[in-house]
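Both of the next two complexes hold chain A, though its partner changes from chain B to chain C.
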Partner chain A sequence: MTIIDSMLLTAMVVAAIWTVMTRSLLKSAIGLALTSAVITIIMFRLNSPFAAVFELSVCTGLITAVFISTISLVKPLTHKQIVQLSKDRIKRFWYLPATVIVVGIVFIYLKIQMPLSLFAGQAEGNARDVLWNSRQLDLFGQIAVLLAGVFGVVILFKETKKK
Partner chain B sequence: MPSLFILIPIFGIIILNLPLGRLLKRCAFWYAFVLFSLQIILAIFHNPFFWSGALEAISTFFSVKFTIDYLGFLMLLSIGIVCLSSLVVSRYAITDEEERFNFINLLIIASIGMCGIVMVKDIFSLYVFLEVTAVASFILIAFDKGKMALEGAFKYIVLSTIATIMMLSSIALLILVSGGTSFSLIAAALKISGPNIIVSLAVVLFLCALFIKGGVVPFHGWLPDAYSTAPAPASVLLAGIITKVCGIYTLIVLVTSVFGFNEAIGSMFLFVGTLSVLVGAFAALGQNNFNRMLAYSSISQIGYIILGLGTGTALGIAGAAFHIFNHAIFKSQLFVNAAAVRVATGTKNMDDMGGLSAKMPVTGATSVIAMLSTCGVPPMAGFWSKLIIIIALWRSGHFAYGVIAILASLLTLAYMLSMQRRVFFGKVGKGLENVREANFGFSAVSIALSAITIAAGVFFPAIFNKFLMPLAEMFLK
Partner chain C sequence: MIAANWQIFTGFAFFIIMVFIAGFYCILVTRNLIRVIIGLELLTKAVTLLIIVSGYVTDRIALAQSLVITLIIIEVVVMAVAAGVILSIYRHNESLASSKLTDLKG
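Now for the complex of A and B:
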């Protein structure tokens, strides 16, 4: 693992934690996009450019649509309420990141080896080939997900606007 | 040509939403009606010309080939029937034309997702279509935009996201082991690699994810809220087919065709199935809300399906598949009945009802038929599927589970009779003197579904030969 990989993994974890812990929904959405962007770079470095392209396309399409509808549904809280909720959340879920760190340390110390000869990621053809020829069905599935997202926004967002 | 099940609905939705005035929106109902009716006809007769043939015009731009087996036909038939029922109910339950149009679009998308799940033979494509169905389901649950509906949808989103993470992690591990995503490739790789920690982790993660999707105890937290808060046509769809296709059907396919059945998986299914049967039945006994009672009843019935699967025998799995079909029919009908009662009385609380059978004869009579099928009373269809499951448990040596399954039928009888007594029998409830039969749509759907339940029971030998024998032979292979 190079220094760049370590930096990317750290950036991904930091961005993910920021996404979950930030007090503003908008910042949270930005955090998620940032996490996704870092994951995309990691995927490129892992020789999986098509997975990276897919990650980007999903995050720019469906996730954005779902977030627009969700944020529109949420009643804004006062600053005091937000701070209180944030404190409560840390109290309730402190053990989750702690568990992840402990498990990580245990894995490093035990040096658990993969008992298999694993397949490495392959990058064959171009993105058009992969999306249109190899994963054509998934592409249509993604179109269906996007359509569902659009209807979600229409159904849930429109009413809020009226109110 | 099976690809038309994906292509026609997608292009249809796009065309229906073109800005060409109200005419297209008014066509949406009939478009969906024809679509689901055709699906039912094609699934019943499974004409080789359609299922094996290819149209040159389509294959030039859509090269994906599908292979459908007998289990697939049974599921496509169930999907068609439940979607058609939900569509007809929506015509009468959703009064606003614009809202109804949006609902129909989501219904078609959900059916695309479910048909995709049934037809694919690739684990990543399976995940994609599970997500298509899940996203449509979130919105259908929150459709009414009430506080409870949003809460129900939120719970489903959270648990579904956990299931998604588990599935993706499992897929990643399976790709590491097999180097591909097709069912056959993974199955072959798992056979070669034998049991090891990565394979076991991948299998357990995927199975737990499917337990969440199927609402199996102890992963059922989202199900009662989702079923009871969704609008009537959406609850018919969710309870009738979505959980069965996303959770249980997928479980059967993956265990029989990809992961392979072993003793550990069998024991886990038998334990989880029994837990679901009992927890669902006991929880249903304590409910006042009509829809919540039906939701817990669903959990209990899903337990029977898992028990059948847990036997690992061809007979047990065929029985489980037949119970999926039966449960799709009679549970959809009970939710249609619940919706009709809700529309007529304005309440879901069973303690505020009573004597509705006299005021709503069609709803009352059809709910008795669905109740008898749920309890496994002959000659209803539910009797045969439960009988097959119990015989399979007995023949595979799981006597204790067989006895529990039989005794749990008494619990089913208890909560269903309690529901009948509180809702349909006895004195007419206060303020319900002027209640009338629900409108034509509810009655028509209830009668049609009752007819299917009776016909599937009475003509069981024909169904046994047409679907179940080939199914059992398929699983034996």
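Now for the complex of A and C:
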């Protein structure tokens, strides 16, 4: 693991913690996109370009758009509610950085050794071949899941007829 | 798995577990339904990266990539449907707080 990998992984953890800790839902969605973008770079560095492209286009792009659309359709809180929630949040969320620090100390105590360099991963074949030849059943599953999602959203947003 | 690969795996796993804790904590602590699916998304991201790292250290990166592509497709469908469910709940209750969802209480 090089210094760049360590920096990227640290940035990923910081973005994830910011996503959870930030008060605004919009900032939380942006933090999630940032986490996803950093994971994309890590995937590229781990010789996984196909997965990285999917992560970038779908997770960073589409899911962020879904979240921001959902947030924009919801009424924002009043100032009084925000002040009240902030007090509650500080009480409930300060444990998160403390937990992460404790886990980090435990890992350091267990002396997990960081390797100095990554080797070039050998692929057992092309990802395209694996997806189309070895794991064809997954494709049928994906199509079924996509259709289930489409019908689910259609049913959820179906307008009821007014009598 | 040889020792060098195990070191790489544990090095990555250290950070992945932290993201997992953040996501799990978000689901446990928050009462806002949108934050719950954001936490779920963080958990999925941690698992995605773990699959890629596992494929990398075991020299089966192509298989790991195909699994991750499947995972991402399922993830986006789950998020879209969950967002739809949350909007329906909001229209019905005028609130995103999970503590106010008492309609199905038996």
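Here is the rule we use: the second predicted complex is superposed on the first by the 94 of 163 C-alpha atoms of A that agree within 3 Å, B and C clash if a C-alpha of one lies under 4 Å from a C-alpha of the other, contacts with A are read in each partner's own complex, and residues count from 1 in each chain.
Methods note: a residue touches a chain if its C-beta (ideal position, glycine included) is under 8 Å from a C-beta of that chain, and two chains touch if they have at least 3 such contacts.
Just so it is clear, the structure is predicted and the values come from calculations on it, not from any experiment.
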Partner chain in contact with A:R92 - chain B first, chain C second, else both or neither: second
First (chain B), second (chain C), both or neither touched by A:I41: neither
Greater chain A contact set [chain C / chain B]: C
Touched partner set for A:I30, first chain B, second chain C, both or neither: neither
Touched partner set for A:F67, first chain B, second chain C, both or neither: second
Contacts of A:V100 with chain B and chain C, given as first, second, both or neither: second
Partner chain in contact with A:L56 - chain B first, chain C second, else both or neither: neither
Which of chain B and chain C A:Q142 touches, first, second, both or neither: both
Touching partner for A:I17 - first (chain B), second (chain C), both, neither: second
Partner chain(s) touched by A:G152 [first = chain B, second = chain C, both, neither]: both
Footprint overlap on chain A, comparing chain B with chain C: 62, 66, 73, 114-115, 118-119, 135, 138, 141-142, 145, 148-149, 152, 156
Of chain A, residues touching chain B in the complex: 62, 66, 73, 114-116, 118-119, 133, 135-138, 140-145, 147-149, 151-152, 154-156, 159
Parts of chain C lying in touch with chain A, wherever the complex brings them together: 4-5, 7-8, 10-12, 14-15, 17-19, 21-23, 25-26, 29-30, 32, 34-35, 37-39, 41-42, 45, 48-49, 52-53, 55-57, 59-70, 72-81, 83-88, 90, 94, 96
Residue numbers on chain B that touch chain A, as the complex places them: 6-7, 10, 13-14, 62-64, 99, 102, 105-106, 109, 112-113, 116, 120, 122, 124-125, 128-129, 131-132, 135-136, 138-139, 142-143, 145, 150, 175-179, 193, 196-198
Chain A residues touching chain C - in the complex, by the definition given at the top: 1, 5, 9-10, 12-13, 16-17, 19-20, 25, 28-29, 32, 35-36, 39, 42-43, 46-48, 50-51, 54-55, 58-59, 62-63, 66-67, 69-71, 73-75, 92-93, 95-96, 99-100, 103-104, 107, 112-115, 118-119, 121-127, 129-131, 134-135, 138, 141-142, 145-146, 148-149, 152-153, 156-157
